[in-house]
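Next come two complexes built around chain A: one with chain B, the other with chain C.
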Partner chain A sequence: MLEKVKDWSDEFYESFKPIAMGFVNEAEKCLQCGKCTGQCPAAAVTPSYNPRKIIRDLVFGNVKRVLSSVELWQCFFCSGCYSVCPMDINFPFFVFMFRLAAMNEGYGWEDVKQLEGYAEKSYLKDGITVSTFERNPYVLDTVGDIGKIRAEAGLPPERKVSARGVAEINMISDLSGMTAFMKQIGGVELLDCKSCTDEQAKRCKRKPMPSKVGKVKTHYRFYNYGEPGGKKHAQAG
Partner chain B sequence: MAENFMEEYGQETSREAAERTLSYFRELFSLEMPLGRMMKMMPGMVKFAMHGKDTRVDLLKFVPQMMPMMKAAVSGKREG
Partner chain C sequence: MPRLDKVAQIPKPEQIFFFKSCVASNKYPGIEACGTESLRLLGVEPVESEEQTCCGGFVTFANVAAPTASMPAVARNLSLAEEKNLDTCVVCNGCWTFLNEFGHFMNHNEEVKASVNMMLNMMGRSYEGSGQVFHIAELFYRLKDDIAKKVKRPLAGVRAATHYGCHYLGGGKYSAIDDAQMPSYMEELIELMGGTVVPYTANRECCGTGFTQIINGKDLSLEHTQRKLDSVREADPDLLIVQCPYCHSQLDRVQQQLNFRQGTDYQTPVLHIAQLVGMALGVPEGKLAFAAHISGRKRLEEVWDRVGR
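So, the complex of A and B:
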């Protein structure tokens, strides 16, 4: 799975620095101490996710492995790694930048397109930045709808945003290219089909991943950093 | 379907993938304002201006700040 060293050059690495707004610049200071991974809640749940390895791959120039990995999408930006890093490497920002790059390569669209329904129904129309309804059948069964929970707590089922606020959100979204980005996203994927029941499958609006997003051809990602459930999971399988 | 990422990328090296990423970032974070990019922004501003009188007034306050950018977009020349 590893690449040859000659795939990379120092000259190219130097040119990478200014463009990526310093995140590569920081990454080369990495001591590989593993503090980031040690405290990471995402790594505790999915052992294949390892921030230290991802930084190492960037520094060694194994960009293909990072871009095409599922692990790049397992960070949820708690910034714990940044706070414990002895070299002050801003790993969450690095993940953010690399997710953009991965989407440009056609990876990660199955995660991003879940935003589509929310973007059309809530964000641009009502100006609500948090989903007002639960679409995930599993959460509906176990926790219940967000609207109901809000009503039980004595709140109106949906948040209200002023008309001017909605107009502003629409303008910002258009100016920043967010609207165009949302239009690229196709379909809604909710649950892993292997794990949902027939009843859940009926309500599920799963659609296949778009073969192309704009000019970019989409690809499925790979577990490039090991078995998702750890060694035990691999042996059980 | 490819079994792993090396198969997916085929003969392509990491350097080629990274070069593509670089040019994508260059475009994404570019401060240049070509006419095409400017035109994409217009619908949002028009929508905002059409919403009401107060939004129109707010937007007009920003016109002096936007003028150099608009001039550059229309003439196709870079400022400074």
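So, the complex of A and C:
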């Protein structure tokens, strides 16, 4: 673990605050009581996921451990931790700022890449993030044409956002840097699993991992908070 | 702490800005149709706008962008209601939490508000922070006496279980109208419309969508939903009532997926509270749009037989 010591950063948390526009503060107040972790649905399915430890690592400056972890990407964003926290720490906001910081270091792009379609093809094109498109054939079989159902319900067959509305959110996207960010994600190059070392393959837990997402070189993420446990890994192992 | 004192502060407006939800519009249109229709029956005129987009929270929570991209999008949507001098009514917990949390944040952070307004001014809009955002379930609770008076199809003999959804309770620690750990207003509404409430163990647990986990970590998501569904099945309600279209989609669709993957037989119809209220208020069957629902269709027919079409 010694080599990790030099990755500790006393400045990280301070530098983190302005980027987050004041959303994340007062982590120092954390009592380490663990109420957050006790009721966390993500911890219920991945026992090594532990918001309490992540906060501790932020305050102590053990940043590398958080940023390179798989656990960081397991949060359900349910805000349950915030609702029970005696110190009012809004942990999910920490998670998305952590994830941005992790991406800055080259971690986690492959996950975000999967969501890009919703942002680019649906949100920026139509102004609506979830489209009528149905990728599950069984659902399609059962439900059929949603436009018809909408018409029967007395709604226009297709919900439309005005051209002005779409233009405005595109402008917001351009001005806020979101468009540039998404250009970076671009296309994905898939990692050739044959070139993995055994150690990497074991840690990879069978999640197909692209080595490059767009122009960004991605890094492996590890279960830094202990054995992941849970049903998924019991079966995979 | 129960926060039902907040209910009295909710106005009984003549008009309200009806905020459309992506999932409700495109996956479960009955929520949208019943939402507007039930409000009308209760004397509140819903006002819609084609300028309204997705609430704008998704891009931040999916980490496709920083909060700097969500904030102006949220402000822009809120400004549409402000232009009309109206409060906003949402049908989705996600819209509710993003509009409320980001709105609240801008209202208490002049610098952020000014920078957001700089962007909005370029498109001829501005955000003041004058309007309020209510969840449709809150409005229903506020109008419960009117609902009780106007029930056309009493839900006699209908056993309903509830699911509140994390983004109303968790994120709404200070703005929700009820105790975030143990809410009960939906139960009250169900009983008031003549239904029977069925308790079950995993009542206040997450639906398992996990926001983006259903896409990035599907196994984890399904595992969590299955726990929930197992608990629901044990209690065996006729209907599972939700107040968020995203929970709705997860709980409805995952039943089919689990049945397919594991040969189980989960068959509980899932309804949004707007649809249940619509049903009780006598909204025509077509507007409930049950054709978009996947699981428990037979059970839903039985419920129809009991309440009468």
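To be clear about the criterion, the second predicted complex is superposed on the first by the 142 of 237 C-alpha atoms of A that agree within 3 Å, B and C clash if a C-alpha of one lies under 4 Å from a C-alpha of the other, contacts with A are read in each partner's own complex, and residues count from 1 in each chain.
Here is the rule we use: a contact is a pair of C-beta atoms (placed from the backbone, for glycine too) under 8 Å apart; a residue touches a chain by one contact, two chains touch by 3 or more.
Keep in mind that this is a model prediction, so the values were computed, not measured.
When the shared chain is aligned, chain B comes close enough to touch A:Asn104, but chain C does not. In the superposition on chain A, contact is made by A:Glu168 with both chain B and chain C. For chain A, the partner touching the most residues, choosing from chain B and chain C, is C. Within the superposed three-chain model, A:Asn224 lies in touch with chain B and out of touch with chain C [touch as defined at top]. By the touch criterion defined above, A:Val143 lies against chain C but remains apart from chain B after alignment on the C-alpha atoms of chain A. Contacts of A:Ser69 after superposition on the shared chain: chain B is touched, whereas chain C is not. Of the two partner chains placed by superposition, only chain B is touched by A:Ser15; chain C is not.
In the superposition on chain A, contact of A:Phe181 is made with chain C only, not with chain B.
For the contact definition in use here, the residues of chain A common to its chain B contact set and its chain C contact set are 19-21, 100, 164, 168, 171-173, 175, 177. The touching residues of chain C, when paired with chain A in their complex, are 20, 22-23, 25-27, 29-30, 32-33, 37, 50-54, 56, 58-69, 71-73, 76, 97, 105, 109, 112, 119, 122-123, 125, 166-167, 169-171, 173, 180-181, 205-206, 208-213, 215-217, 219-220, 223-224, 227, 253, 256-257, 260, 286-289, 291-292, 294.
Of all the residues in chain B, the ones that touch chain A in their complex are 1-2, 4-6, 8-9, 12-15, 17-22, 24-26, 28-29, 40-41, 43-45, 47-48, 51-52, 54-55. Touching chain C in their complex are the following residues of chain A: 19-23, 41-42, 44-46, 73-84, 88, 92, 96, 99-100, 103, 108, 111-112, 114-116, 118-119, 122-123, 127-132, 136, 138-139, 142-144, 146, 149-150, 152-155, 159-162, 164-166, 168-169, 171-173, 175-178, 181-182, 230-232. The touching residues of chain A, counted against chain B in their complex, run 1, 3, 7-9, 12, 15-16, 19-21, 61-65, 67-69, 97, 100-101, 104-105, 163-164, 167-168, 170-175, 177, 179-180, 219-220, 222, 224.
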